[in-house]
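Below are two complexes that have subunit A in common, paired first with subunit B and then with subunit C.
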Partner chain A sequence: MEYKNVLTTCVYCGSGCGLYVQVLDGEIVGVLPVKEHPISRGKLCIKGWNATDFATHPDRLTTPLIRDGDDFRAATWDEALTLVAERLLAIRDEFGPDSIGVLTSAKCTNEENYLLQKLTRAVLKTNSVDHCARL
Partner chain B sequence: MAEQDTLIEQIRAHVEDKLPALDGIVALRRTSEGTASYLFHEGDDLSQLVLNPRYPLSTTVSMLQKRFPEARFGIVARGCDSRALVEMAKRNQIDPDRLYLLGVACTAEEAEECHCATPAPDIAQWPQAELLGTPVEAGSPNPIVAEYDAMPLEERRVFWKQQFSKCIKCYGCRNICPVCFCEACALENPAWVEPGVLAPPFPTFHLIKAMHMAARCVACRQCELACPSHIPLTVLYDLMRRDVGRMFGYVPGDDLEALPPLSLTLE
Partner chain C sequence: MTNSVPEFSAYTECFLITGSNTTEAHPLVASHVMEGLERGAKLIVVDPREVQIGRLAHLYLRPRPGTDVAWLNGLMNVIITEGLADEEFVANRTEGYEELKQVVLEYTPEQVEEITSIPADDLRKAARMYASHKPAAILYAMGITQHSTGTDNVKSCANLAMLTGNMGIPGGGVNPLRGQNNVQGACDLGGLPNVYPGYQKVTLPEMKEKFEKAWGVTGLSDKVGLQVTQMIHGACDGSVRALYVMAENPLVSDPDINHARHCLEQLDFLVVQDIFLSETARLADVVLPGTSYLEKEGTFTGTDRRIQRVRKVIEPVGDSRADWEIICQLGQRMGASGFDFASPKEVMEEIARLTPIYGGVSYERLEPENEGFLQWPVTAPDHPGTPFLHKGKFSRGRGKFHAIHFKEAAELPDEEYPFILTTGRLMFHFHTGTMTRRTEKLHQEVPEAYVEIHPADAARIGLDGQKRVRVSSRRGEIELAVRVTEYIKPGVVFIPFHFAEAAANALTHAALDPSSGIPEYKVCAVRVEPVSS
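Let's look at the complex of A and B:
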C-alpha cells in the first residue's frame, strides 16, 4: 500500500512543464500537474495530462531494433551503438562530413543537446546540426 | 502565522496517534520534489505533512478504497475535500464507514481567496471524524458572478463565447475535479466533441461538463486553478450551484443523507 507522486518533466515538448506521476504499489495510476512548478504553475496541456500513456503501452520499444532485410531484429545497446558509430564514420570518410546532418530534440536535456552538437562538430566534423523545435 | 504553526503541529500529532489503527492517511507531503498527495504510514516523517498547495484528495481516497476493499484509510481534509467526499459517497465512489476524516478549518484569508461558503468540514455527518482549527466565516462571493448577473442576456452569451474560445481542450478541468470519476466521459465521445478541433464546440463542451456538475460541484476551485487558459470556470459552476439550490434546495457536499436531485428525477 504505497501511494506517492513522483516528480518528472513532461517529455512532449521543450517547455518543460512539471508533472507528478501518481504511483500506487509501483504501478502508474495517473498524472497531476505540479502547482509549485516555476514554468507550468499547476497547468498542463492534453499531452502532459496523458504523458504516461506510452509507459506501459504494448507497442513501446524496450530494446534497440536493427534492420535485417525487410525486417527488424532485437539487439543489445552495445551492438546497436557500435553499428551506428561504425556506419557514421564510414559515411563521413567516404562521402565527406557534410553528407551527414544531425537533428537533436526538445525532449532532451540541455546537457544532452550540448553533447549532440559536440559530437556533430568535433567527431562528425560538420556544422549541420539542428533541432526539432525548428521543424 | 504562529497560529498556523500550532495547527499544523496539532494535525501532525493527531495523524501520528491515528496511524497505528489505520492502513494509512492521505494528506499532502512536502519533499525536495515539491508538494503532492501521499499515503502516510506509521514511521513516516510527519514533519513533511503540509496543507498547501491544495490538491484534490477525494479521488485518491476513492482509488485506494477500491483497490483495497478491506482497508481503512484516513484523510486530512479541508472543507472542500470533505464536501467532495460527501458527493463521492452518494455516488458509491467512497465508503464513509471505512474512512477516518481529520477535518481542518481553513483560515479567514484562505476562505476569502476561495470565496468559500463553508470553509471547514461539517464533521457531524461523518461516522469517524474530528475537527482541528477554529472555523471561520464564509468568504465573500465571487465578484465576477455579480458582474455577470448585471449583464443583459446577449452580453452574457458574448462573455462565455469569448471565454470558451480560449479553451485548448486539455481536459485539465475534468481531470483535476474531485468529483469527476466516470470511466466513459461524454467529453471524449466524438458524437459530442469532435476530436482534433479547437476551440471545442460552443457552448456544448463546457455546458456538458456543467450539466454533469449540477448538484455535484463542491466549489473547490481546482478546475479554475488548473486551466491554462484562465477561464473563470468557477463562475459557471457557481451559477449552476445557485440554480440547483434555488430549484431543488440542494447544496452539494452539505449532507451525506440528502439524495442529489438528478438521481431522484431519474428514479
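Let's look at the complex of A and C:
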C-alpha cells in the first residue's frame, strides 16, 4: 500500500486556499486542509472539501474527438493535433491573423496561459487572446 | 487586490464590502473578515441583496442595483463636507482633488437617497464610520464590475480609499475578490488582447522588439486584439473565422447566450480543449481532452497576487493530456520553435526572464520548506515579494482622482419588464457548474435553478403558492423554481447563473462597459409570471 498527501492549491474561487489531496495506491481518497496555510489556516469551504470528485467523473473526455456530421468520432492525438495545426494555419494565411481568436483560461495554470498566449502571438501572429475574467 | 487577505484578520479596522457575497463565494476570505470583526473592527455592507455577511454588519445599505457611483460619491460628499478626509495624503500623494471635490459636492446625501433609495442618514453614518477607522479596506467582487459603468465603479472605490489615505498601508486598500482560481494569473501571463505577460503593452515598439527577440520570431502584431465579447460578435459578422477555446464555457457564461450560440455556429473552425463536453464543446469541430489541476504540475496566482504551486496528484484520466503539453505539441506541429519544454518548471523559467513582476519566481522558492508562496511584484531572486501595493508612491507617481458622474444602467425596468434581474453565485456551485454539478455532494445541495423574489412582489404577480415561474427579458425566457424571500430587495429578482438548462444568461443584456468590456450581468429588465404546474 502506498499512501501520500500531495500539497496543492484549490481549483475553485480565487482565494487561493491550500489543500492536501490524499492518495492511496494512485487513487484519490480524500482532502485535508493545511494548518499552516496563510489564507485557509487549517480550514476549507464545502467546495474545497469536495475539490476532487469531478476529476474522475465518468463524463470526463478521454480521447480527442473530431466532428462527424451532427456527432463526433474518436480520433488519435496525432490526427487531431495535425488537423488543428493545419486548419488554423490555413485560416491565418487565407483570412489573416486577426481572423482567429483564442481564449485562454482562468482555470488553467500560469504556465499554460503563458504558452497559449505565446502560441497566439508568436505563431498565429494576432493579439486576439482573452479569457473569461470579464464574465 | 492592493492588499493581502491575512491583513484583514490582522490589521483592518473597518471593512466596506460591496457587490461581494463573501461568505458564499469566498468563504475563507470571509473567515479573515470575521476574525477582524471579533477583534473589534467595523463592517459596512452595501448590497441590493441581503447577503449573509450583511447580517454581521454594523451598517447595511441596500441601494437600487446599478447606482454604485452615486452612493460612493455620496460617501465622499459627507467625508469632504464634514472634514474627515486625510488632507496630508491628498496633498502629498494624489492629484485631481479639486475636480473630484467639485463633482462629489453635487451628491448630497438627500440627492443620493433619491437615486439609490439609501436613507440619507444611513449614508452619513457609513461615511463617518469608514473615514474614522483606519486602516479601512474596501472589498468588492463582480457586483461592482459587472455593470456598463463597472470601470467608473472601480475608480470611485479607488477615489474613496485615496481620499481617506487608505492606500499603501497594511489592512487598507481596494480589494477585488477574484472569482476564479487563476483569473489573476491568466491576466498576469498575457491572456489579454492588449498586453504581453506582466502587463507590457503590445502597442509599445520596445515590447514588440523584446518579445520578438526572446521568442526568436518576427512580425508580432502591435495592434490590440479582440476581447472575448468582440470575438463572439466577429464570428457573427464573418471577421472571425476560427476560435480556439481552452477550458472556458462561453455558451453558459456569456451574456445573451442565444445570440452567442448563433454566432459560434457561423465559425469555419472551432476547437475546444476541455475536460468535459461542455455546452461550448458540443459545437466544436475538434475537441481536445485536457486534464484537471490534479493531473499536472504548475502554478496558480490567487486574488492577493499570491503565486502558489499546483502539484500532480494522479495520472491523466484516459488518453487526456495536460493542457501545457497539448499547446507545446500544437506549436511544434505548426513548425514553431520555442515549444519544446520538458516541464512547466522550464516554462516558469522563461516567464521569469520576460515578466518583470514575476522576475524572482522559481519553483524552488515555492516549495514549502522555502517561502511556499510569493506575492508579485517579485522582481528578482532576492526580492521578497509585495504583500501590499503603493507603499510610499503609486506606480504612476501620484494617485489620480477621477471625477465621475453617476450614469444609469443600460436597461431599466419599465411597464413590460418591471423587475431588475441581478445574477450571481451560490455557496455550493461554481461558475457554469461543469465541475460542481458533477460532484454529488455539492450538486445535491442545490440541484436546480431558482429565482429569488420578495414576498410583496410575489403577491403582485399573483404567485399564489405556485412553485414555478417564467422569467423573460427582451432576449430570451427561462422557466425555473421560485423562492420567496425577504433577502432580496422589492423590485429586484436574483438568479444564480450555474444552471445551463435555466441559464440566467439567456436573459442578461450584452451592454458592455466601454473600457473593460465587462457585460452588465448585474442589471437588466425582466418580467416574472407564474407557471401552473
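Note that the second predicted complex is superposed on the first by the 114 of 135 C-alpha atoms of A that agree within 3 Å, B and C clash if a C-alpha of one lies under 4 Å from a C-alpha of the other, contacts with A are read in each partner's own complex, and residues count from 1 in each chain.
Rule of thumb we're sticking to: a contact is a pair of C-beta atoms (placed from the backbone, for glycine too) under 8 Å apart; a residue touches a chain by one contact, two chains touch by 3 or more.
Remember, predicted model here, so these are calculated numbers, not experimental data.
S.K.: Using the superposition described at the top, determine whether subunit B or subunit C touches more residues of subunit A.
M.R.: More residues of subunit A are touched by C.
S.K.: Using the touch definition from the top, say if A:D68 reaches subunit B (first), subunit C (second), both or neither.
M.R.: Neither partner.
S.K.: Per the contact definition in the header, classify A:N113: touching subunit B only (first), subunit C only (second), both, or neither.
M.R.: Once the two structures are laid over each other on A, A:N113 reaches subunit C alone.
S.K.: Quick check on the superposed pair: does A:V6 touch subunit B, subunit C, both, or neither? Answer first, second, both or neither.
M.R.: A:V6: touches subunit B and subunit C.
S.K.: With both complexes overlaid on chain A, does A:K43 touch subunit B (first), subunit C (second), both or neither?
M.R.: both
S.K.: Which subunit A residues contact subunit B in one complex and subunit C in the other?
M.R.: 6-7, 18, 43-46, 48
S.K.: Can you list the subunit A residues touching subunit B in their complex?
M.R.: Interface residues on the subunit A side: 1-7, 18, 20, 22, 24, 29, 31-37, 42-46, 48-49.
S.K.: Spell out the residues on subunit A that touch subunit C in their complex, using ranges where they run on.
M.R.: Checking each residue of subunit A against subunit C gives 6-18, 21, 23, 26-28, 38-41, 43-48, 50, 52-57, 59-67, 72, 75, 77, 80-85, 87-89, 91, 95, 97-123, 125-135.
S.K.: Looking at the complex, which residues from subunit B come into contact with subunit A?
M.R.: 23-24, 26, 29, 33-39, 41, 53, 55, 60, 63-64, 67-68, 71, 168-172, 175-176, 225-228
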